[in-house]
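What follows is chain A paired twice: with chain B in the first complex and chain C in the second.
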Partner chain A sequence: MKRLSHYIESAAAILLALIWISPLLFAFWAAFHTTSDAVNFNIMSAWTLDNFRTAWDGAPWLRYFMNTFLLVTIVLIGQFFFTTLAGFVFAKLEFPGKNLVFILVLMQLFILPEVLIVENYAMVSRLGLFDTLFGVGMPYMASAFGIFLMRQSFKSVPIELHEAARIEGCGLLGILWRVYVPLAKPTYLAYALVSVSTHWNNFLWPLIVTNSPETRPLTVGLSIFGAPENGVDISIISAATIMSVAPLLIAFLVFQRQFVQAFLRAGIK
Partner chain B sequence: MSNHVNLERRRQAIYGWLLLSPAALMLSIFAFYPSVATFWSSLFTRNTRRKPSEFIGTENYADLFADPTFWLVVKNNLFYAGITIPVSIAIALAMALWANSKIPLRGFVRTAYFTPTVLPMIAAANLWLFFYTPGLGVLDQIGSLFGLPSVNWLGQPETALWAIIIVTIWKEAGFFMIFYLAALQTIPEDLKEAADIEGASRWTYTRRIVLPLLMPTTLFIMVNAMINSVKLIDHLFILTKGGPSDASKLILYYIWEMAFAFFDAPHAAAMTILVLAVLCIVAAIQFLYLDRRTHYQ
Partner chain C sequence: MIAEPFVVLKDVAKRWNGQLGVEDISLDIDEGSFVALLGPSGCGKSTSLRLLAGLELPDEGSIWIQGRDVTTSAASDRNLSMVFQSYALFPHLSVAENVIFGLKVRRVPRTERAAKLANALQITGLEGLENRKPAELSGGQRQRVALARAIVAGQKLCLMDEPLSNLDAKLRNSVRKDIKKLQRDLGITVVYVTHDQTEAMSMADKVVLMKDGRIQQVGSPDDLYNRPANTFVAEFVGAPPMALIESHIVDGVQPGLTLGLRAEKISIVPSGEGRLSCRVSEAEFLGSETLIGLEHEGAVGLTVMRPGLSMLPVGEHIDITFNDQDLHMFNEAGERITGH
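This part shows the complex of A and B:
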């Protein structure tokens, strides 16, 4: 009886896993076959790279890839800068008004940048950053989530190390740079993985603030490429989709453990 | 001595404000000011070339409440939240229990569950397009094996929102799974042994011991799922564009449409304020419950 239920559960778990990756598998299948072979599920049909060729020629993908790459880099550098400083203050300094400011920062966790699109768009335009990668990245730089994460990490650094560095004649910024930042490396790595995959995948805000192929990231480019008005067929859309998710997907499959750890570390406070 | 302490205190305050100012400036520009500005602009009429904007108080809100589309969108979003939150939590829990037990192909199973998490919503929508397309799509092909007629899943009001909901569940369940998985691994082995000695069945053990211990994780996930039910709308752009006849339109999509397709910023602002109010309630729930992690100790 126990045996039987174990088998049933194993089968159910594997079945669910198959269902879960089937959209990806079907797209993979379609991307390498002509449209008619793809939709007929003819197992014997020939594999082809034509869809990738057609998709690649249909849009400035290289530019889109570059834009996404630059965007996630800009966001990450900005986030590291702003959240390190603020996280350090909240973790280790004491002064009147600190807790009030901290609560204000935490409020931003719920004022999602996604919801404030109208006014953020006005703000970015006012700053002359409309249709620039900087404009796409700016609203995410001083992330409350990141500040919170860095604060937690810095808090766990023993005060003795801080004192020792001070006695050696290190200034406050020196201590931050030489003691706290190196010790927080795992947190930075986790934060980087979460941030990169979030912004690699972000869509609505880049859609609003970009207006030209020179700044458009992959997600926006992909949505324009796949728009029904363009009349591209399912095999070519699949090829474009597989192409644009490939870098992150491969990175995930290779560094799976790190990815999962990163999401956990970032999620559980 | 007290002089010295005072000096140190002042030094900390100066450094504190100095190091905070970059982040505080950015947060003010992109979170606090826009929130206030959104509220302010929700009280004015639209600024057109013929008529400059004028103060009208709560009229934009009254317009919204009188707009049947608004209510339809609210209803859609409540339905969207009402289905996606419990279903993806339940699936995530099942996934975690399975991925944590000794089953064959465990590595593959875990990877398969988690993979949708790293895909962009836009890509996910493209993948699912292949499922939903009438005639050619995978679902219709499977249906035709059983002699079922072709269904336009995305094109009819009865199924469009469901199609959207399924993609959302598919996308977020694997993400929630990892939090359950981490929590499951912190449950001590001796609890299982004790339950075995007492002769408790696996079902009893899961229901009476595992589930209560997972409660704080569930609350954490639930808050995340609530936020997602406001924010995960990217797939609408690919799959339905909110149609047919607004049957699958969600609030954030409607805000976007109002502001950037109809160029009606004041009404979009009013709607934004309502969403922010809801998010504040979610925040309050989190602060009230999430800090009480020690129910069961």
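This part shows the complex of A and C:
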């Protein structure tokens, strides 16, 4: 009985995994075949790279890649900066109303980012950051998730290390930089992975707040490239999609083990 | 001219939301001396040390180091170093980086740093381990890294918070001697917190015995052992501790007092000739001597020391005697009656 349920569980897991990965497999299949071969699932048909050539010439991909890369970098740097400082304050300093403020920060986790799109749009416009990469990244910098994560990580640092650093002459920021940040390395790594993949894939917000090819990230560029007005060619769109997700996908395959370890070490699963 | 004591605590008090922290701590520490803060856990010895270190600020009183009022100064401005019970080594830094952490923070030039590091490693016998991480060291080695970090900057005052409690008994003995030698060689002033009276008595020039946040007695190990200020000190110091006897059960002594008596001052005599007749409650063989625990109404902790292996059957009745001049007298409040 036990063995049977074990088989059923495994089978269900494999089935789920297949369903999960099937769109990616299809995109991969389609990207390397002509449209008619692709939709007919002709196994014997010839492989081709033409789709990639056509897709690459169809839009300023290099620019889009650059934009996405810059965007995730800006967001990540901003998040590291703000979540480190805020996480440290919530973990180790005392001030009146600390718990109330922390609850307010955590409430941000309950609000879907999409709900705030209009408000964020207005804010970014008021700041004159509309259609800039900084404007795209800014609303995500003070991430509640990141603050919470850093707080947990900093809280686990033994107080003696803090005190030893104080006696050795460190100021508060010195202690943060020399003791807490190095000790929270696994958390930073795990958080960076989450952040980069989230913002690499983010679509709705950049679509709204960018307006020109100079600031458009990959996701928006891809959707415009694949929009029905431009004519639907499933193979070319698949090729463009594979190109867009390739860097992240390859990075994941290469660093799979480190990814999982980082998450285990950071204590989030 | 009277030299100003190196460290002075004046009427220092620290309270935790009504809970007792420490109260009325006044203490003078001479330069180059080794002072042990001794007491059972929760007596406030660690709190006193943390107040001195600047990790806590006192609610009352003042603290002076080298003639300077440091009551509200930051820990980093007090020119002292500290060894923590857990050693507090930075796990992400190598031995060398741990030792020079403070020098780096204080922006000591690179060449001077290297010289001081080499010196500190040599003194503590850590050469060759510079590039290890704390996780790759044994307990004793970690302890020495903590010591090296404490002495590398050449601070004159070093605070130690139970630095030996995480070592095994054998290592503890040798490190105890090392620390004492280090203190004497470098001429530094050490304030040492411990709950282990052997450590305090063997290392310190001056022992401060505390209980419930108050100082019970300050004095040399000899003072504490031979002239305890009250019954708490009498019962805390010494192994076995002093026996306390209600004076009315002993002939020839004024009643209403508590008498203190050391085990080595008691002798066993043939029955009928003793001053007290007791029942043997336990016998403990320690190698060079045997401790015989005795029971008598109105007395606690009566023990006789007999050389070598000399067990007595439990339940046997024996007579003991002692001299009047070996008795310590305490009044009803437990305070020592002087002049005796």
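Simple rule for what comes next: the second predicted complex is superposed on the first by the 236 of 269 C-alpha atoms of A that agree within 3 Å, B and C clash if a C-alpha of one lies under 4 Å from a C-alpha of the other, contacts with A are read in each partner's own complex, and residues count from 1 in each chain.
Going forward, a contact is a pair of C-beta atoms (placed from the backbone, for glycine too) under 8 Å apart; a residue touches a chain by one contact, two chains touch by 3 or more.
All of these numbers come straight from a predicted model, not from anything done at the bench.
Novice: Touching A:129 in the superposition: chain B (first), chain C (second), both, neither?
Specialist: Neither chain B nor chain C is touched by A:129.
Novice: For A:237, decide between first (touching chain B), second (touching chain C), both and neither.
Specialist: first
Novice: With the two complexes superposed on chain A, say which partner A:192 touches: chain B (first), chain C (second), both, or neither.
Specialist: Touch partners of A:192: none, neither chain B nor chain C.
Novice: Identify the partner contact of A:70: answer first if only chain B is touched, second if only chain C is, both if each is, neither if none is.
Specialist: In the superposition, A:70 touches no partner, neither chain B nor chain C.
Novice: What's your read, chain B or chain C touching more residues of chain A?
Specialist: B
Novice: Touch test for A:91: chain B only (first), chain C only (second), both, or neither?
Specialist: neither
Novice: Where does A:222 make contact in the superposed view: on chain B (first), on chain C (second), on both, or on neither?
Specialist: first
Novice: Under the definition above, what is the set of chain A residues touching chain C in their complex?
Specialist: Against chain C, the touching part of chain A is residues 158, 160-161, 163-171, 174, 178-179, 182-183, 185.
Novice: Help me check something: in the complex, which residues belonging to chain B touch chain A?
Specialist: It comes out as residues 9, 12-13, 15-17, 19-20, 22-27, 29-35, 37-38, 41, 91, 94-95, 98-99, 101, 103-105, 108-109, 111-124, 126-131, 133, 136, 138, 141, 170, 174-175, 178-179, 182, 202, 220, 224, 227, 230-231, 233-234, 237-238, 252, 255-256, 259-260, 265, 268-269, 272, 275-276, 279-280, 282-283.
Novice: Considering only the defined contacts, which chain C positions touch chain A in the complex?
Specialist: 53-55, 74-76, 80-82, 84-86, 88, 90-93, 101-102, 105-106, 149
Novice: Spell out the residues on chain A that touch chain B in their complex, using ranges where they run on.
Specialist: 5, 9-10, 12-14, 16-18, 20-24, 26-27, 30, 39, 41, 81-83, 85-86, 88-89, 93-96, 98, 101, 104-105, 107-123, 138-139, 141-142, 144, 147, 172, 197, 200-204, 207-208, 218-219, 222-223, 226, 234, 237-238, 240-241, 244-245, 248-249, 252-253, 256, 259-260, 263-264, 267-268
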